[in-house]
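Both complexes below contain chain A, partnered by chain B and then by chain C.
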Partner chain A sequence: MPLSSSIQEPVLDIQNLSIEFPGRRVVAGVSLQVGPREIVAVIGESGSGKTLTALAVLGLLPRQARVTGGRIMLHRRPMLELSANQRRDLLGDRLAFIPQDAMSALNPMLSVGDQVGEPVVLHRSSTWAAARQIAVELLRSVHLKEPEKRTTDYPHQFSGGMQQRAMIAMGLALEPELLIADEPTTALDVTVQAQVIRLLREIRDEHGTSILFITHDLGVVADFCDRVYVMYAGRVIEEGAVDEIFYNPRHPYTVALLAATPSATERVAQLNAIPGQIPAAGELIAGCVFAPRCVRAQPSCREVPPEQEMEQGHRVRCWYPGGKT
Partner chain B sequence: MTLLEIENVSKRFDPGGFFRSPGPLAMNNVNLSVEAGQTLGIVGESGSGKSTLLRTVLRLIKPTSGRIIYKGRDLWALRGAELQAVRREVQAIFQDPASSFNPRQRIGAILRAPLDVHGIGQRNERNDRVAETLIRVGLPPEFAQRYPHQLSGGERQRVAIGRAIIMGPSLVLADEPTSALDVSVQAQILNLFRETQKSLGLTSVFVSHNLAVVRYLSDRVAVMKQGEVVESGPSETIFANPQHPYTRALLDAVPDPRRHRSRTSSTIRAGQLSA
Partner chain C sequence: MDWSWRRHGAFTIGTLLVGLMLLAASAAPWIAPYSPYDLDVAKMLQAPSLTHWLGTDEVGRDVLSRTIHAARISVEVALVAVSVGSVGGTLIGLLAAYFGGIVDAVLMRLMELLFSFPAILLAVVLMASLGTSILNAMIAIGIIFIPGFARLARASTMDVLRQQYVEAARAIGMSDARIMFREVLPNILAPSLVEAAVAFAYAILLESALSFLGLGAQPPEPSWGNMINTGRGFMAQAPWLGIVPGSALFLCVLGFNLLGDGMRDFLDPHMKE
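Here is the complex of A and B:
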């Protein structure tokens, strides 16, 4: 269910976030909100800053990266001002993370059951015996077959899809307010991807968990999310309800991205490729970041692009947005 | 004219060791044929045997049984000069050019290598051919002086296409040629691949897990599952009217922004697939 208005207090509220590596600004003034029970996608290609934005919320930015401006609130908690200990109390409890590569996120030396139950021990002072019982139930809730038998297995005995289910079970252990998933299905086969996505949706429906979903896959966004932020070169260039973005894209980049995506369900005679390439991370561009590749670009685009509100909740950073189709 | 025939090809990877039981069949009795000038797309999930199949045609993996016939000759029975000739005509493009290029060689040397190996032309003729090829794949000839790490992913994949066509091959084999690229760059490479193939009259076989990419590039499609071809035929027939339940399941599972636009509700169709 889409965020109807700003009356509802968002679970996650990012305002004007900027992130720099030494000498390179890689995220520039990103604002983003996730409402209660909302599934919000951040879509972008390499270097768009989508993953760094997510990592900043978690306080897991790479060592060289620095937040140089902005504010991140998780239910009124100022995430950027928390001490390491305070943040650790939240991670795995109120805020959970599902990474792209479950295999490397799981500890190969610990059984899956112990890892899935660990948040309960760490945050709720449960005993390990009780945590293992909870782990069985969690693994059952993510539709792992025969969870009683599988809890003593090690990660390498799981398939890629099962590992991702175990990561999701771990994330759900304490019913977090917000689940951040960074390309959780990219490494999976399409049929397994469909199952994982169905599972995430079910979790939102049953537990009311808000989900921030980082992806490069337009298809997944269309099938699964309520609202979407399109990022390009460290900036949000268009945002709106999924239907708005797919039926009525306004930013030339969003339009071009849709036209450049091949389809399995429709015959496409000719793909319209976007000329040029994605700017290198942190490359300084005066004015609109997409102007060098944009078919609609005018000289004025070399200046700072405005933020325009098209319809309610549909924002575009472009001087010459495409018309309603 | 049939350029390539795959006849009853099976491959069993032997885990080795006297007491080990033999491994599972990576390919089980695969039969496919490719007409000259056509593109065959092989689609399947991980472990379906699609890459193994491609590698048997490249002579990188020897089939356990069956024959691979190229222009009427058994590819695995060829020796000496005949084999050399076939190697000139059959070229490959891999998924990740970052790892299939020598990082210490300049792009010019990488492109010239096949000409050097097969002793084609004089040195300056070879350099001319390198420059022509770079232009053909949409890169400035000055790129010959650069190293692979100085190129973006899309530019490297252009070079990979260049290396495959510089010999004037008849058959190009490609393994996931665009899966490492971003969508906006992928479209450029897919278009380049198609145009190059048309203008040079190439025959190609390529492997991908991405059904959308397969539909865009292929004349014919073979769907593989657990080492077997479960369905094959003209691309449009298979995508418009899939017969095998597995093909249908695959197509249903693909999330697609275009399909979204043709629907009113955002119910997740993929959710109907059971484990």
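Here is the complex of A and C:
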């Protein structure tokens, strides 16, 4: 269900966000919205700024990084203007985060049940006994077998997939408005990946949770997300409904990215790599950031390309957006 | 896991020696054959015999009884000193690593200042300013241990802070204090525990050194240090006066070091198959 911004107010609204490390800009003017009950993917290579964008929403940027511009609203709450205490009250309650590697995201010294129930203790002043009961229900809701017996287990007694389920259960503890998942499937086996994806979609369907899904895996995005943002070198270069992006990509980078993904049905003699490499963080490129690697590049690409709306909600930043093929 | 002498020999011997030492310390009044204070000038400087297994000292006190009672003081001093050092040092290291920046710089420079003095000199200086008593010896030795524990805790905390579970804890809205004590602290205790065993040995050595210099346990209170000091004057006539407490000290320090080594092997994941 694509967001029609005129009707529904977005759950997460990022406007013109810029993030800098000392002397280098790593995210430049990113705008991004997540509507109610929407699953939105942010795709990009490592270094594209996708994870930093997510961390900025959580207020968990690395120490040296600074937000230098823009606005982040979570249901009308200005995230960048909140005090540390106000933000802490939202984290784990209204806004949940599922990190990349569940294996190291669970504390090895604490039982799984205690960790899953912890948000309830933190934000609802619940007792530990009550929180453990809630943890059992949460673990059941993410389809962990025999949750009563597993809550006293320690993380090392869980498989990778079970750990990721536990992390998701922890994120769901207080029915957040928005779940931010940072490559939650990267560390998992392919079969387990599919289960976790199915679980996330089920959560959206049953609880109405909006999900911001950070990934570099196009295959996962295709049948799971509603809308996609493609990021390159700290900028959103194309956005649109998932079908638009996959079947009618406009930006040459998106086209190349799709072509670079090996398909199970076609046998190619050689994998299609994109020539050149992603610019080093902070490397200044006048005009279009992708131009140095772009097959369509023209002299005019030295100017910053405007954002053009190709179809309803399908926007692209390119001087020569490709047409329907 | 099957027991093998090569893997667990040192740990076993260490545990036995430490166990013996702790037994002597805790049950001294019941297992010592005589009171450590009873003078009997008629029996002074007697060589080891069936009535006095390890002989008597210059005023006729039973050397075995005094050695056993001295274990008590050593353990008390070491226990308090290691507690002061480990709690203080771990806290400082944790804070320094967690907050970083200026907090880290100030705290760790302070630690380096403490570290730059030779331990025994620092102890003597502290004793001189605090006054001579066994309690002050405990505190002085404890302060000496703070920088070691602080450095260790700082290094392990930095390592733990890179783990994703700390980020995950922040992401559910945990406060800094809660992250430090609930998420980080349990994960940095293992190396500190090993350090504590080694520090225990060192504390006993330091206490003996201070008592040897007359700054620790005050006569007639028995301590291995002041017993060795007394024995020094009688090396020719009554060598057991120095040899007995010296051997006790040696075995005790050896025991704690072996125990520490063994614990390190147990806690080090690389040593597991």
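A few remarks follow.
Quick note on the criterion: the second predicted complex is superposed on the first by the 317 of 325 C-alpha atoms of A that agree within 3 Å, B and C clash if a C-alpha of one lies under 4 Å from a C-alpha of the other, contacts with A are read in each partner's own complex, and residues count from 1 in each chain.
Here is the rule we use: contacts are C-beta pairs under 8 Å (C-beta built on N, C-alpha and C of every residue); 3 or more make two chains touch, one makes a residue touch a chain.
This structure is a prediction, so every number in the text was calculated from the model and none was measured.
When both complexes are superposed on chain A, chain B and chain C end up sitting side by side without clashing.
Residue contacts after overlaying the shared chain place A:Glu137 against neither chain B nor chain C. Residue contacts after overlaying the shared chain place A:Asp89 against chain C, while chain B stays out of touching range. Looking at the shared chain after the overlay, A:Asp223 reaches chain B, while chain C stays out of its contact range. By the touch criterion defined above, A:Glu309 lies against neither chain B nor chain C after alignment on the C-alpha atoms of chain A.
Once chain A of one complex is fitted onto chain A of the other, the partner contacts of A:Glu9 are absent, as it touches neither chain B nor chain C. Of the two partner chains placed by superposition, A:Glu148 touches none, neither chain B nor chain C.
Contact comparison for chain A: of chain B and chain C, B touches the greater number of residues.
Least inter-chain distance for chain B and chain C in the combined superposition, rounded to the nearest angstrom, is 6, based on C-alpha atoms. The interface of chain A with chain B does not overlap its interface with chain C at any residue. Only residues 100, 163-165, 167-175, 178, 182-183, 186-187 of chain C touch chain A when the two sit together in their complex. Those residues of chain B that touch chain A in the complex are listed here as 45-46, 152, 154-155, 182-188, 190-191, 209-216, 236, 239-240, 249-261, 266, 268-271, 273, 275. Chain A makes touch with chain B in their complex at residues 45-46, 143, 145, 160, 189-191, 193-195, 197-198, 201, 216-224, 242-243, 246-247, 256-258, 260-268, 270-275, 277-278, 293. Across the complex, chain C is touched by residues 58, 60, 63, 87-93, 96-97, 99-101, 104-110, 118-119, 122-123, 167, 170 of chain A.
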